[in-house]
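Two complexes, one shared chain (chain A), two partners (chain B, chain C).
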Partner chain A sequence: MNRIAFWFADGIRLPLIFAAGALVAFMLPLEAPYAIRLLTQVAIYALLGLGYQFVFGLAGAFSLAQGAFFGVGAYVAALAALQWDWTGNLTLPAAVVVAVALATIVAVPVLRLSTHYFALATLGIAQVLLLLAIGWIDLTGGSNGLAGIAPLSLLGIALDGWGGMIAAWLLVALVGLALYQVRGSLTGLAFDVMRTDSFAAIAAGVPVERLRFAAFLASAGIAGLAGALQVHAIGVVSPEVLDFDIMVRCLVICVVGGVARTSGAILGAFLVVLAPELFQVLEGYRLLAFGALLLLAILFFPVGIVGSLEALRARWLGATPFTQKLPTLRAPGRSLLATTRPVLSLERVSKHFGGVVALESVTLKVPRGEIFGLIGPNGSGKSTLVNVVTGLVPPDEGRVIVSGEDVTGRPASRVAACGVARTFQTVHLHPDLSVLDNVAVARIGDLPGGLFGTLATIGADRRLRRARAEAVAVLDALGLGGDGLRPAGSLPPGAQRRLELARALARNPELVLLDEPAAGLSEPEQAYLAERLRVLKTRGLAMVIVDHNMGFLLSLADRIACLDQGRLVAIGTPDQVRRDPAVIAAYIGLGRNGHAAAEATR
Partner chain B sequence: MTDVLQLLLSALSLGSTYALVALGFVLVLNATNAVNFAQGELVVAGGFLAVALSPMVDLPGIVLLPAVMLGAGLIGVVLSLVAFLPLRRRPPTAVFISTIAFGIIVQNAVLAVSGPEPATASPLLAAGGTRIGDTAVGWQSLAMIATAAALVGLLHLLLERTQFGRRLRATAQDPEIARALGIPVVPLILVAFALAGALAGAAGLLVANQFFLSPSDGANYMLKAYIAVVIGGWGRTWGAVLGALLIAVFESFAAAAVGHLAAEALLYLVLLAVLLFRPSGILGEAAGRRA
Partner chain C sequence: MRAAALLPIIALIALPAATPARAETSATIPVLAPLTGFLALEGASQRNGALLAFRHRPAIRVHSETVDTATSPEQALNAFARVLRGGAPTAVAAPMLGTQMLALLPPAAEAGVPLVTVSGTAEITERGSPWVFRFFPGDDVVKAAQARYVVEEMGRRRVALIHQTTAYGQSGRRHLVANFERLGAEIVFEDALAPTLKDMAPVLTRARAARPDVLVLQLHAEPTARLVRQAARLRLGLPIVAGSAMHQPATAALLEPAELEGVCAESGSSPISGGSAAMERWVADYRARFDTEPDAFALAQYDGVSMVLDAVAAGARSGEEVRARLATDAYEGLAMRYRSDGHGNMAHDAVILCYDGRDRTPRIVRRYRDVLKNG
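Let's turn to the complex of A and B:
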């Protein structure tokens, strides 16, 4: 019984059942042409919303240009149909191509911006396009727009009325399935992590920029397609298609329906198209109602209708059982041959923040299979050094070389691709995701087959299954094997630190930087961690460990360096460094003038 | 020469309204770290409040200023109560959406009450103008600049000379520390939103006479304020004023050269260029970026 309930309630089936039910319910009492027109509109808006789910839902980028790409698609299709008598065979692809091309150009200045910069920059682009449509009268017909666009015709078949509606819904099904596939894949997992915690995404080696770019282009292309369909459906185009109203509807569809979900977009589309028709009282107040709805949804149902339904399902039926059988694999680990070439080498690296010196001409080398400790008082530049090596902060001067490759100034994701992994001083995990998936996502860089591989697969993503299997092996190696299916947020602090380490190791790195791994760990937990780290060392992994806990480092590290006010004041074996007067002075707190103090302590 | 003076005058009067809008935007930004997408709609609300009030009293527009600022300030408070405070522990996107939604509600409420026609309110002091040399100088333009300057001056006093101003600046510099020092955060947020609303309302009153105002103009003012803030250096109060004047000058002169629509489009392209090459603004150094 429960199985049947699950089958109905699971994933994409619920929305399909909803859509079919709604279709029948609304078609029956209505006159056919009117019903067909409405349902075609629902399909077009569903498509627009599905597109927005990629950039906003998956990538979490708050674009305000989705309505503009819809308008661009509409104008392109209208112009092509009017000027050259093109049919749907060519107008639809042309609309998609132009929208994607435009998105590619726009992405250069806009895509690396974050949060409000991105939102407003995309709004600015939408505004430019609107002005263009109004102002370039010779091409666009100005405020009056263009009329007389023929209904859709594909492959020689005229698709008006029923045919047009079915074609539009087929496209919805296609795009919806693609979204569903991506969401359930390893790539979807990566999107989930980068949306929740960008640091976690970087640590897992998720190619954040590439995924954002792909999502932005997908959104633009799908919006263009929806715009082209709209033009064929209503026969006219005017600057209204570029108005902010379209964007508002798009937000309502995704936020009220359910962010990132195929079913959310379809439900939301029903809502924005049918609600004004059903409640004629709203005539003239439609946008007012949309605004109120949007505000209520964001305040009280942040996960939207579908998200709330999913929560209800979880409460009534319990969480979906995790039944997947995982093949057993040995831990990933390329053989790290002993070579003399250092894994990490810093050459005269300097970094200043305003007038504050964070790093001053730091030079050091870390060979394979070495545990390299980094100590120093608060604010001595330890974390900055880790950030410079991992590419979070570019150095002002000097070079960072990883395994012979100069990575100075490269973005974090590119440095990560060179085999550099890290953990953070404060834990950055996806708390709601399972322990297993927090590690599995880190396999994204190594496993073959990207977004297109995912789309070509029908059913469960094999790449995700493999990533999970390999993640199990890594978790076992760190003593977390039994906790794989718990949410990461429910682990005790010590285990969360080991989980971060597991995620770093799952990337198969040659160099791992650990920022205060022992902080907040009990003595036995520290001892366990140290033992694990020694095992990793025997496999040839190089490790840089930043810690305040001298006891932990002195017994673990092969060499230790001490930073003071951004300068390297001592480097050597733990014993040497412990006795070094400069180190003692740094810890007494007299800084570089502390030699006198060191003399005094003798 | 005359043309240049004429243009400069209209640029200054336009810029002074942009400056008021942008100042409100920065105040909220500094107090709450939130981007208020409804700032432009507050201008519209203020403007239409002035339009509605002016036939009732047969007095110059300037008399209405306190009432309009009070009204728009109240809307600002409602905005913070409804669309910001409940969401301040959520990701920033939630606040983007809630302020956009609030803006839509305000815009369409105005539309429902006043209709879509552009409207105008009574002049600030008097209609007509005088001539300085060959340049025609409208009283309205002069009154706009003077009123905006006076409001900016008052705001300056408020920020620099009062306990509230010190607290706001402390919060803007480091919200964590401010909280640790026991600065009451919620009242500060409410006042910041109220001020933002009042300033936007004042801007609405100023433009409602000089230019026609229509309910859908909000997005335009919001974008102009945002561009002013980006150009002036993110979160810098006086940078925003300068940025506002700069874009108004750019807009007026570009419009005279290549037409209104092209000038607008050019302005957005400039914004994109600034974001691309100098994300920290073109005035002054990057504000305290830290690791």
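Let's turn to the complex of A and C:
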């Protein structure tokens, strides 16, 4: 009985779709032409919303250009139908292709931006397209638009009324399944991490830029398809299709329905199309009523209708048990052959933040199998150095070479692809994901496929299964094997640090940079961590460890470098560095009490 | 006045004394109007005009439903599908937005439903549909009158033309440019404004720099009011001849009477300007029923629906029968005489009205009859 309840609740998306189907069945016999029109509109907006789920729901990018791509698709289909008598066989693909092509062009400058800058840039694109539609009268008909576009026809079959509605819903089903497939895949896991914590995604080696780009294109293409369907459904196109109102509807669909959910987009579309129709009896006040309904929906379902239902399910039935049996798979290791070539070389690296010198002409080398400690007082440039090496911050001068490859100025995801992994001073994990999945996501670099590869897969994602199996092995190695199914946020601080290390190791790196790995750990935890790090060293892994805990670092590191005000003031064995006057001066101050300082550093 | 013209007037005069008679005939005439969005004001006028026409024909039992079409073609189609639920209506009072009308032409033809509209923009009567009837003079009519008044009556030949970026603005602009060219006037300045633009000072300053002798506007109601106010404050000293938005009492209400001095506008009619006892009675009835001032759109919709009801009273029952009568009959309405030109254009007259700065009621200064024929 319980299993049946779990089965039903776990598949909550499907019952919601069935509920929508029931609504359709209820409406159609009663008021066929009207219901067909409304349900066709619902399908078109569901498609638009499903497309937006890729860029907004999955990638977490607040694009305000989705309405514009919808409009582009509508205009392309209208022009092709009117100028060349194209039917849906060609207008639909043309709308998708042009929307994707446009997205590709604008993605280059726009996807470099983040947060509100990205939103504003995409809004700008939408405004430019709107002005073009209004002003380019010879092509677009200006504000009057273009009329006389034939209803949808595919493969020689006219799809007006019922046919058009069924065709639209088939496309919704297709795109909805694609979204469902992506969400349940390793790529979906990567999107989830990327949306929640971009630093965690970078640390996991998620190709953030590539995934954002793919999501942006997918969204644009699906919006273009929806726009083409719209123009065949209503027979005219005018600048209203590029209006911000479409974008607002799209946002409402996804936010109120449920972000990143297939059923969320479908439910949201039902809401934005049907609710204003139900309120027609209120005439001029109907939009007021609709606004009030949306407000209530947002107040009572802050994570969307589907998200709230899922939360209720979790509260009543508990978390869905993880029933998948995973073999412990050891990831095929990167070949860490003995070599004299250093894994990391910094050549005269400098970084300034305004007038503040963070790094000044730093040169150092870290060979394979070495634990390299990095010390220095607060603000000496240690974290900046780690950020420069991992690509989070580009250097102003100098070169960063990883295993012989110059990675200077490359974005973090591309540096990561060269075998560089890291942990953070402040832990960056996805707290709601399981411990297992926080590590599994880091296998994405070695299990290629990407968004479009995932779409080509049908059924359970084998990459995800393999990534999880390999993650089990890494967790076991760090003593976290028993916690795999717990949410990462529920782990104690020390275990979270180990989990970050596990994620870094899951990437099978050549070089790991650990920023304050012992901070907050108890003595036994520190000892355990040191022991694990020594094991890794014996396998040839190079490690750069930044830590203030001298006892931990001096006993662990092969060599240590000391930074002071961005300059490398000492480098050598722990003993040499401990006695170095420059180090003592950096920590305590020169000439005041050198003896006492030396004692203090012991 | 022709005998036929007296019929609606007699009916109107007799109205207060009329007792609710048992309905002998019935008709289904839904009202599709933009009650929300930037055309809400005009949409409400349209609805009120239709409802008043129903009220003034108690002998006909009218089944009606008012449906908001907002401002998108998609919602107009939804509204049309909604009113088809109970079968094809006798006729539909269709929305006044041109792009919505263009979308409605194919389904109306398919369902066999005549569309009675007050839309003046877009080429809705040029697409060969026998099912559309336009009861507000199209831009080809009112813009010709506007340009002729500027050139022939005011003697102005250096025109500063400011229009909206919307369908209304672009359609009007096209006709104005053609008419001014035909009349030998020069457009020395031209600019298109988004309806959301608030500050009109920059465009007026640039217009003044071109040294025009008249300001011709093709703007929606609120932008018209903003521009007229700004022009008064800048003391441009230029006469303004605006589009039909300026004839609306709601637009004039946004301005002080002094700001309106010397401002003229084109329109199909101006009910509050009076002109006949029947018109004054109609205006009074409209005010009493809706607690607002009527405009030309309300009157045109009233006349259009009244003509449909006339057809029903004369025995037309189906959409096809009503269509046939609308296509061939003439109708003496309150605003003007309506007759189809063969394409569904029913209104062929235009008026120019001006404000004298003493109040917000414009005076009709020139009436152009059958503009295109007498052009």
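Just so we're on the same page, the second predicted complex is superposed on the first by the 547 of 602 C-alpha atoms of A that agree within 3 Å, B and C clash if a C-alpha of one lies under 4 Å from a C-alpha of the other, contacts with A are read in each partner's own complex, and residues count from 1 in each chain.
Quick note on the criterion: a residue touches a chain if its C-beta (ideal position, glycine included) is under 8 Å from a C-beta of that chain, and two chains touch if they have at least 3 such contacts.
Values in this document were obtained by computation on a predicted structure and should not be read as measured data.
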| item | value |
| --- | --- |
| Which of chain B and chain C A:Phe199 touches, first, second, both or neither | neither |
| Chain B versus chain C as contact partner of A:Ile134, first or second or both or neither | both |
| Partner chain(s) touched by A:Phe213 [first = chain B, second = chain C, both, neither] | neither |
| Contacts of A:Gln230 with chain B and chain C, given as first, second, both or neither | second |
| Chain B versus chain C as contact partner of A:Val255, first or second or both or neither | first |
| Contacts of A:Tyr528 with chain B and chain C, given as first, second, both or neither | neither |
| Touched partner set for A:Gly284, first chain B, second chain C, both or neither | both |
| Residues of chain A touched, compared between chain B and chain C (which is higher) | B |
| Touching partner for A:Tyr587 - first (chain B), second (chain C), both, neither | neither |
| Partner chain in contact with A:Leu120 - chain B first, chain C second, else both or neither | first |
| Contacts on chain A seen with chain B and repeated with chain C across the two complexes | 134-135, 284, 287 |
| Residues on chain C engaged by chain A in the complex (per definition of touch) | 35-36, 40, 44, 66-68, 70-75, 77-79, 81-82, 84-85, 98-99, 102-103, 105-106, 121-123, 127, 165-171, 192 |
| Residues on chain A engaged by chain B in the complex (per definition of touch) | 60, 62, 108-110, 113, 115-117, 119-121, 123-125, 127-128, 131-132, 134-135, 244, 248, 251, 255, 284-285, 287-288, 290-292, 294-295, 298-299, 302, 353-354, 358, 383-384, 387, 392-393 |
| Sites on chain A touched by chain C in the complex | 31, 33-34, 36-38, 41, 134-135, 137, 142-145, 147-148, 230, 233-236, 238, 240, 245, 276-277, 280, 283-284, 286-287 |
| Residues of chain B touching chain A in the complex | 35, 82-83, 86-87, 90, 92-94, 96-98, 100-105, 107-109, 112, 219, 223, 226-227, 230, 259, 261-262, 264-265, 268-269, 271-273, 275-276, 279, 288-291 |
